[in-house]
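Chain nomenclature is as follows: A, B, C and D, assigned in order of appearance, with residue numbering initiated at 1 for each chain independently.
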């Protein structure tokens, strides 16, 4: 007797699609069949005419918990995830306290498991001199990888990352410089984990911002001049050079500039171990949309031009880009009001990512197989959790999302499951929606109804 | 009730390996499971401690049938294939008559199906002016692709390809020139099939050979000077240029020169639809081996140097090379005796390919997942028969090979299943052997015993 | 006492321009000064406000003498040259008889010296099997280099190059194939001379032409389809590969396709000894001009598109292109009448080249220093006659051209000094004209009046 | 009546060599002739059998005047220059006070003209926030270009550049960061001058040095580990990116790492305006020489390995490197004693550069024409003083050096004309020596006797 059978759907893998049935028991896929087995199942989902995908793995989420939980918390973000077909998310480590050592890792694991609707991974943080002595031990916990906010300082009291720091402020822990980062890379290389960076050159942005502000700039175009392409490509290039010598796997987070994709492609072609992700906003928005979308699309690195978008799609097409993730980073409606310089950057994303990608499939921009590669199989392999997640395969976790490629939807931010009811895609029409999300054999979302059970637990890389 | 269950083995896919069971019925995989299903099977293979791979697809075989069947025939070559874990082979079209039009295709299909131990695909031939008017119709049959012997003439009477032709001989059909090939490429592009070429510049070889012979050259080194790297790279480069403009999918057969791999990599990187295969002899032999191996390793294009071998392995490592195949081209022992210039080129290969590749896995040269990609999933996708072959997936043909990675063997050419009892690998020690070959759910080889049943039939690309 | 002083002009070198005086005696520059010397001169040209350039070296001229001298002869072509500021020309070897061996070289030298108004160099020819045994000895004469008409056959009786040959015609000497060319390259490499080729793939053109003609094509666009870019790039790429291995200096004549320039640039960047020339028609005409210019601009390789022109200018800008020459190839007015397929290709050019280049300087397309490099210093160095020609330097031949950058002119083909009164530039307005041409210290043209004295003699490469 | 005639020598230009005579008057070349003119000269040098080169332009000299003049002063450095065939040198701006504004420029000009044996140019300095407001005005003086010591701080009291600064020290002016440098580049681009940088990443060196020192490292190999290739390539790459966007001409000073040359070559090939120089120590020394040469060869950036040397020669061979200069930076003998970490970096060089280069010509490493390009014509063109310097041409300054390619010499540091009697080449045997140096028509060195007359004056770029 199986627990669950998902029948008659088209099962999608990274390189094929075929009609079949998936049977699970105790949270694990037991059988994938072309003809029904005789043995019955307690529960059955009829996926006739629909597609059965491995559950989405969103590798880049800021639930801000513990921290400014008025914006979001882990229970809400994992509910939103389930609503969006996501069955595993990776939580970013810039919480308060940050995931900077073994003790904080254990604390955070316990804190999040208590509220998790779905499984999750944890990022560790590298904070320059603040925790460079902890990296090796932190690497021995179950973290997914190390995250570095290149150029950000740290407030010693609040543990908050500070961008516009005063270098003379005694409470500020100065950003790591190239020498420290190079040393940290050598240490991280030994742990076998990757180093992922938010890549924007702080000093260049500081200088350009001051000039633009002084000239009275206030438009989105001004914002882009103040955080130019060069800010990203400079850090990407520096990181590539340091990482190559240090022998560390280097991962570029949320790529936004077309030229960065080209640099990374070249590095891959000469054999460097470097990967790069992008996010829906870089694929589906561009500066030209600011007039209609407005401040909701202020995200860092900023969404750039159509020409960047085209090159990022080029990176999707030829496999330069390893995965797509949301960079879910909610703020309240009030916080997002005010002038463009002072409102915070970031937006919700975990719930809308899969619908946007399915819609792109319907628009002919990529195939459903590519979606499975970019959202499930790719991240599982990249972060080495493919012994447990990422594909529809006997023996793996029964993480599935059934999608209806015909169903249409107008995205309404008021119906989001996050605490934050703000989305840059509010009002967008999409075709292609998740209709059932199954996490470890349990239905956590069905026709927009999301469970409140918190069965999620930590996922760690193999070995 | 299933027909067959292969249980407890480690199932290998192009990107993972996991313990599981495979159940088949009526020649098709019905279920892939992590736990046994309740339903019984008529026959059971216990693969505990062994690996279960999709059956090998050997895309390049010369069974010479009809033709000089004293060297080989289709019954023997398909038996040899089954012995070597191969469940599908593609037969080359330079038979007598050649597969040059619809009528010959149908005749050849019937002729081979009568003797086929396993499934097979058929190559069509492009023979310059001889059959350029037939290409479109030939493309509508079930051929796998078009093969062109670049620079070879055709004898009008015997339908034999002629290399050292006399341009004034009225019986000789002249080789196609660049203009004809370009036109043929445009026609073939419309059929949706690929054009595969034996790439060696005839005129250069003719000139260099004459010079070397005149100087009294007779060693393997002399042979290599007479058929230099340049002969291959020249035709590869010309083919790449013509194919790019013609918009045809260009496939380079049996690549032997390191520089060719580099040229093709660059073309792929700039987006051209070009693929390339290599063969075990280019991976496991080099000119340095001639002293011990001798004339058995005279194969065209000739096996070159260690430096070429290294670059070909580089093409395996980074995916430039799409698949590995045998170029099985047997001759009798008597024919292979004589001086190096006059003995024929070619060797058996279909039976020894998988053992050599498994041995390379044991030597750490590649992974079992890569073997599955190069020998099964890769060729299935390349030749568009992945709706039926190439993976262990519910709904696909139950083509499997169970391999024992511990079993050792000394290759003995006298025990080959081909008519030809000659192998360049005679006396080689290998570790890693196929122990059961299953074709469409039937065991065609078990512990070196090969079936005599001829259940093979033609496989064609999906639309 | 000097013979001649050219005073007060701006002397132009490949990298500078400065006001000065040039004094010559016995045909040689004796002094270049910033202040007048005390010693007088027999004759003085006041170049105040004008520029003094080294005389132009036109490396690519077909005077057709001996041969179809109703179109042109050497006396007329050298007069035309003098009229156009040219003080040295290189005569192409496809005369009748061709310059295919030592004997013919000596005969041709004597024949031309009798009529030469200016100095000249002689190309030798490589004609495949016809004279492959003569190459070494021919290289020991004073030829400038070897020319090969890739893909052209030779009529044994008339010594005429034949393009649309019948391969079965016993009178036809078949074109050299890649093997022969490779051998010839190895021989030529030993002579120290370069091998220059007319690079267009004959077979491709033959095939495409047949198709286009059959479809009734008759426009210039049809002509371009029949002789596509691919015809040039294919031969360029093949030649590059062969030459690299053979170790010969490879020179691509009259480049017409933008992509060829890119291929050659890459070869230069990886260190290959390859050079390339272009002609005024590829710089100043494009397919778009056919409507106004008409059949006069039928030249092989054909003038292509604006996009090619742009890339050729790119090759001028970055130095990929070594020199500009005319490919002067006159036909009579009657011969140029008829349908586009049947009229001969080629046009006059030696007299209009410098005016067109000077006009381009006035239009800001290049500098006068670049003109000196491309027309004088560059070719002198390339063909190793810089011990005697190409610069304004004490001790070198007093070959000078005084140009007036203000003078305007409407090009009138009826006033050309060639026998042929046909020019593709008839009616063009240019600004910048040669006003005095001085060859070995003698004024051969002054204000459009050309000498009839025949003081020209053969120039040979040093060593 | 001329002032001076240099007769019968072989005049060398960047692309030719010919026997001739040079006549000068009032400091300017009046005539270059192949045959003697009738007019006499006051003074005559017979250069029969010798070579006449344009005087050397050494673009990188630290005379430390005003400043630590116990090491060197301008009178001594210009005497040393004259002794070494140098007729123009460019003085570095990190004097005390530095050449950071118009006032200091004028002061320095006057200060140096009072003691200059030969002509000189002046570098301006860019010192981050210290003088970023002065750049435009400084660009309007006659400076040769802007120099930036990337990553160096400035002591507000002593105006000394500080490498190992304490970021909390209130007297320290912090190094410019990427944002400031980018802004400065935009400003400098407007001045039309170039920006030259000492390219070594400070933070990386600081970190690596600390680690190596802590591990007790004390050898030259340890020094190289502490200032690795990466330190240079990181800054070169960052500078290239910033400069490309800012549109400034970027010049990399004293390149020492092979990989830097490759990066710059690629940037040049894609059209960026970037140039690079190297110094004799990178061409003639490598880490392997430390055992024999010792601490005298401690220079920053440090002399690296044979493999770097080979790539730097590659940059000479293909023109990637624009010029060779000395980085003359003397210290006293006492200062150069002590442990490798604490002794100062830098060495004399202005007097030994030309002999070392001539010796390299005799060794076949490059041609005399290339020496003229790298030491005279190249720097004159790069720094836009070719309207006055860099070639032997009527109308230019009569700056000449007569060299004897047969004369041998053992370099003896005790005979140097600098205050510092220290040379990394002490004891080297060289063949090829300057025998007469002529500056603006005056003999300033003849057979090792150097003038004490101070006729030097400032040279400025044209426009």
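To be clear about the criterion, a contact is a pair of C-beta atoms (placed from the backbone, for glycine too) under 8 Å apart; a residue touches a chain by one contact, two chains touch by 3 or more.
Owing to the predicted nature of the structure, the values given are computational and were not obtained by experimental measurement.
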Centroid spacing, where centroids are CA-atom means, of chain C and chain D in whole angstrom: 43
Averaged-CA centre spacing for the pair chain C and chain A, given as whole angstrom: 63
Where chain B and chain C are represented by their mean Cα positions, the distance between them in whole Å: 52
Numbers and ranges of chain A residues touching at least 2 other chains: none
Chain contact graph, described as a line, ring, star, complete graph or other shape: ring
Every chain pair meeting the contact rule: A-B, A-D, B-C, C-D
Contact footprint of chain C on chain D as seen in their complex: 13, 15-16, 18-21, 25, 28-35, 37-39, 269, 271, 318, 377, 381, 386, 391, 393-396
Chain B contact footprint on chain C (complex, rising order): 167, 177-180, 182-183, 201, 203-208, 211, 228, 230, 233-234, 237-238, 241-242, 245
